[in-house]
Amino acid sequence: MPVPSPNLYPDFNIVRLSHVEFVVTDLAASRTFYADLLGLQVTHEDEDEIFLRALEERGHHCMILRKGERAEANVLGFKVYSEEDLDRAQTWFARRELPTSWVERPFQGRTLRTRDVFGVPLEFYYKMDRLQPIHQQYRLYHGVKPLRIDHFNCFSPNVDASVAFYNEMGFRVTEYTEDEDSRMLWAAWMHRKGGVHDMAFTNGRGPRLHHTAFWVPTPLNVIDLLDLMSTTGYLANIERGPGRHGISNAFFLYIRDPDGHRIEIYCSDYQTVDPDHEPIRWDLKDPQRQTLWGAPAPRSWFEEGTAFAGAGAVESILKAQPIVAP
Amino acid sequence: MPVPSPNLYPDFNIVRLSHVEFVVTDLAASRTFYADLLGLQVTHEDEDEIFLRALEERGHHCMILRKGERAEANVLGFKVYSEEDLDRAQTWFARRELPTSWVERPFQGRTLRTRDVFGVPLEFYYKMDRLQPIHQQYRLYHGVKPLRIDHFNCFSPNVDASVAFYNEMGFRVTEYTEDEDSRMLWAAWMHRKGGVHDMAFTNGRGPRLHHTAFWVPTPLNVIDLLDLMSTTGYLANIERGPGRHGISNAFFLYIRDPDGHRIEIYCSDYQTVDPDHEPIRWDLKDPQRQTLWGAPAPRSWFEEGTAFAGAGAVESILKAQPIVAP
Amino acid sequence: MPVPSPNLYPDFNIVRLSHVEFVVTDLAASRTFYADLLGLQVTHEDEDEIFLRALEERGHHCMILRKGERAEANVLGFKVYSEEDLDRAQTWFARRELPTSWVERPFQGRTLRTRDVFGVPLEFYYKMDRLQPIHQQYRLYHGVKPLRIDHFNCFSPNVDASVAFYNEMGFRVTEYTEDEDSRMLWAAWMHRKGGVHDMAFTNGRGPRLHHTAFWVPTPLNVIDLLDLMSTTGYLANIERGPGRHGISNAFFLYIRDPDGHRIEIYCSDYQTVDPDHEPIRWDLKDPQRQTLWGAPAPRSWFEEGTAFAGAGAVESILKAQPIVAP
Amino acid sequence: MPVPSPNLYPDFNIVRLSHVEFVVTDLAASRTFYADLLGLQVTHEDEDEIFLRALEERGHHCMILRKGERAEANVLGFKVYSEEDLDRAQTWFARRELPTSWVERPFQGRTLRTRDVFGVPLEFYYKMDRLQPIHQQYRLYHGVKPLRIDHFNCFSPNVDASVAFYNEMGFRVTEYTEDEDSRMLWAAWMHRKGGVHDMAFTNGRGPRLHHTAFWVPTPLNVIDLLDLMSTTGYLANIERGPGRHGISNAFFLYIRDPDGHRIEIYCSDYQTVDPDHEPIRWDLKDPQRQTLWGAPAPRSWFEEGTAFAGAGAVESILKAQPIVAP
């Protein structure tokens, strides 16, 4: 089953991934982690929720932390190109008999809430409160100096099906892993905004959120964060890295927040705006696709993820999961 | 005269800037400069011309060096989204009574040659030969490790008119400099591909090409190039920098090739894909817009540029050009 | 007059430069500059004085800020190898009919106060309070992340005489600038601790302190400081750089504190511990010795300096001071 | 058994570590590894041997590769302060009934060959051919841009005995690992040249050479090398890292040459010239001393090393070697 041809004229125009809402069990601990340690900027907070943005973002929030009993991801948010795209999106999801509703969301305009084919909770909006630029207020930079939210990565029980669904929405595959007979996709990276990905899927029990990534300027920012975390009580929150992925060529670090939500710190990326940009194929047996430099990932990285609110996860359709090289 | 509202639904879809063709007087000297010193990769060469690409590019060329008597810029190239966009572009330019023709170009498909409102020679294509990825062949990286062509910057005798013209084509303003009464634009940065710019205009005798920029990973690559140039006979080719622009927040270095064509080495950029991304206004009197850190630019940087083939440059409509802070 | 042969068995053993005491006119403003902006750590403060150390230092202070009416440098401090070296130093200076006295200094043991041949106030000690290491307390790192004091640079009215004097004390020349006939030294860099310099001399009205340097890990720390200073009200305090010196190969930035005391931020250095390490000669006419990359220094950098307490400065014996390339 | 007090007035003056001689089984393969891949400079070569230096070194060689049947380390070389120190060294070793002889060595003056208390082959010299500086010939920089040899690390069957021996020679301990009762040293880092170490000892079957380290400017050079090695056929030669040691605070990478000789690429270091510089104690049970960021080292790193020519290795006197945290 080959990678589908890109849908260059989708029914509605998604600009980019926008934000994630996490349920966290200790709001204060999460605030310390994201604002004080990582360096995200708080744009609004009250007793129950905290909104954050990264340093070059003008939109009001790229992350919402909401106090709750059970750690999970409430929704993945995406920005569309116009109000009309919202209506077209509603039609598109409804036609696929997926649940759609218009919800009130603070700091956002009209918002469409829906789910993807496996139940991942999604929301789309066109308007979000715009804030003054702060990317040249260098006194605000600290921690890992996060510049922007970069992408989501989800476990999918059927990557071929997930890719087909998002491909129809206009997401284009940039890199992918197949088994050697090119029968099934093991993983795929898909973009809207012109980089390696806005959304990626990895084979596994799902749907679950594998990680949310933030883009930083250079590998030295990642090293600074490692030094900081390892000497301020966050050693156990370092899960994997630093290293370079073969796939995407990213210099990466994976960390876990106080509830276990996984965050990737990411730098290096490449431009993929050409409509005829050819996806790169990786063989499932090539260990360098995971880690160009050869160091193995811990088992937790392959197995653990964040549940999505209201979505029960099911086992992957792919039986034998080779832990050594997924 | 304010910045025009962005044209979010242009008549034809330009994906990004693509390439420049320079006339150079000593092909061997230019090859040494761009391939050996800067680190661009030669993809084709014969006695009269050399084609080069940067390290993450898949298209066949981002620069063509053509042997000739007089150093000038033959054309600025742009990639469109589809073959149909080429035809729509032809209609659009013809309607404005600008010259259009279909030209044969090696390694490119059907190519539309035209000129902008001030005579800047432009070409548009959809198809270019695609090459294998080399961004993970790290043995090829040397010099400044150029990853991709990033933008053009042109002198315009009337920046308001240039901006209005490119705005109609769908280029969106990200930052601009106005005089204090907001009557006239002094300079503007406009993008298609989601970064700060594909094309910028600066007030001055024009049209002339001010510079062509290449994107590199970190400021350390710029420092490496400075060390290399200053100890291998290229000291006089260093014109300005390193420094950080207020506008665009770029960490920059300006160098001159053996014929004086100006190249910017550029890192740091920010994402501008949101359709409601607000342009940043800079006052003409704010010296930090040019250099955030305060060091002045040399006079040559304000005055010198590359002539465009077949386009006579005229003086700016703005009389008093304050060299100290243009 | 050639560079003198190194005195490999000096009468007393100086380990390294140690600290400087500045008189500052606004203690709060200076605290903000050195502690909040640059990132030095306050180790003691009261109404009249502040003691600071850099991040990898174990000694109690590398800088003392003392409130006073007139900005000047009270003393340059050096650490010797043993208590006995203090007595030998006293003998050495007394024999040269230079003033010596034993002074009480907080946080230091027995301290010898004296002056060099041109009146530069010096102090020598063996014991200073030792503090716990903090170089792995990464939460303390901010600003430019200064790791240690690196060197002093002084204007001397007669560099040959200064070099001869410090050479007798065991300082060894690593690099120097001569006029073309090798008759006179224009500048010289001298070390005790095994790097390019603990002490340097530049021709000019003197004695005056040209600058005090701090060592930082990478050029990116310098860039971070430039971004920070230029957006927090310290733009006018940036005097020169970033750049690379030909001499010493240092990546440098020169800034001025609120009283005009000049600080160099310095990275890159090389090891000079070999007793037969050959000094590098630079010709006065070689412009790259000042700035490898070719950008000129501002006039203030050549002319301005900090007066030493109790030492009147006299004009240089070298008449024609070529501002363009000293 | 505590760390011995430093011997501040040793019988002879060792300046620094200087060079290592490796027996390699395939001279061409080793040349490719050290010169082409790592970036050391060849200063002499013939059919049987290759001499190399790093980029800021003036001495003729820091490494000698000698063709032979069996990979081993022939000798560790040290530079002394004067010819007289050589004679004093001969007396010192002879008094301890260790073998001494004067040997002819190319490019070196009079050379004393001897062995340490466990049979590690050592040589001392004062004079070595001095070469022109190349640290500002930036066209020569490639690979990992090695600036200088930094230190040796040896397995010792009795670290307390090794430390006592080198302490008498004037090496000073900067950091060390003890068991929790402070009865025995597990490892120790000792310097002469004013950094964290010229020589280190780790508990294990010995004497064997654990690694030879080279100093590079920034962590980005290490990342560049990882990218290069992993895409040019040297993936299997990457053994451990990148990471930061708790001990020494080094940012490190360990690689193996074609014969298995281990090389550390090392950056970050701190100044230790103060005679009263206090050593830092690490507890054997603290896992962060090995890796500040928590990633484990592979078993090979704990177990494998290079045999010394003519020195049979014996088991450590410490029985239970906790592989998880040595």
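Going in written order, the chains are labelled A, B, C and D, and every chain counts its residues from 1.
By our rule, a contact is a pair of C-beta atoms (placed from the backbone, for glycine too) under 8 Å apart; a residue touches a chain by one contact, two chains touch by 3 or more.
Source: prediction; values computed, not measured.
*Asks:* If I average the CA coordinates per chain, which chain comes out farthest from subunit C?
*Replies:* Farthest chain from subunit C, going by C-alpha centroids: A.
*Asks:* Could you see whether A-D or A-B has the larger number of C-beta contact pairs?
*Replies:* Contact tally favours A-B.
*Asks:* So what's the Cα centroid distance for subunit A and subunit D, whole Å?
*Replies:* From the centre of subunit A to the centre of subunit D is 44 Å.
*Asks:* Taking each chain's centre as the mean of its CA atoms, how far is subunit A from subunit C in angstrom?
*Replies:* From the centre of subunit A to the centre of subunit C is 50 Å.
*Asks:* Distance between subunit A and subunit B based on Cα centroids, please, to the nearest Å.
*Replies:* Chain centres of subunit A and subunit B, defined by C-alpha means, are spaced 33 Å apart.
*Asks:* For subunit A, what residues touch not just one other chain but two or more?
*Replies:* Correct list: 136, 218, 220, 227, 230-231, 292.
*Asks:* Can you tell me which positions in subunit C touch subunit B when the two form their complex?
*Replies:* Of all residues in subunit C, those touching subunit B are 218-220, 223, 226-227, 229-231, 235-236, 238, 242, 244, 251, 288, 292-295.
*Asks:* Help me check something: in the complex, which residues belonging to subunit B touch subunit A?
*Replies:* 8, 15-16, 56, 58-59, 79, 81-82, 127, 130, 133, 135-136, 147-148, 193-194, 217-218, 246, 249, 268, 270-271, 273-278, 280, 292
*Asks:* Taking the complex as given, what residues does subunit B use to touch subunit D?
*Replies:* Touching subunit D from subunit B are residues 136-139, 141-142, 218, 220, 224, 227-228, 230-232.
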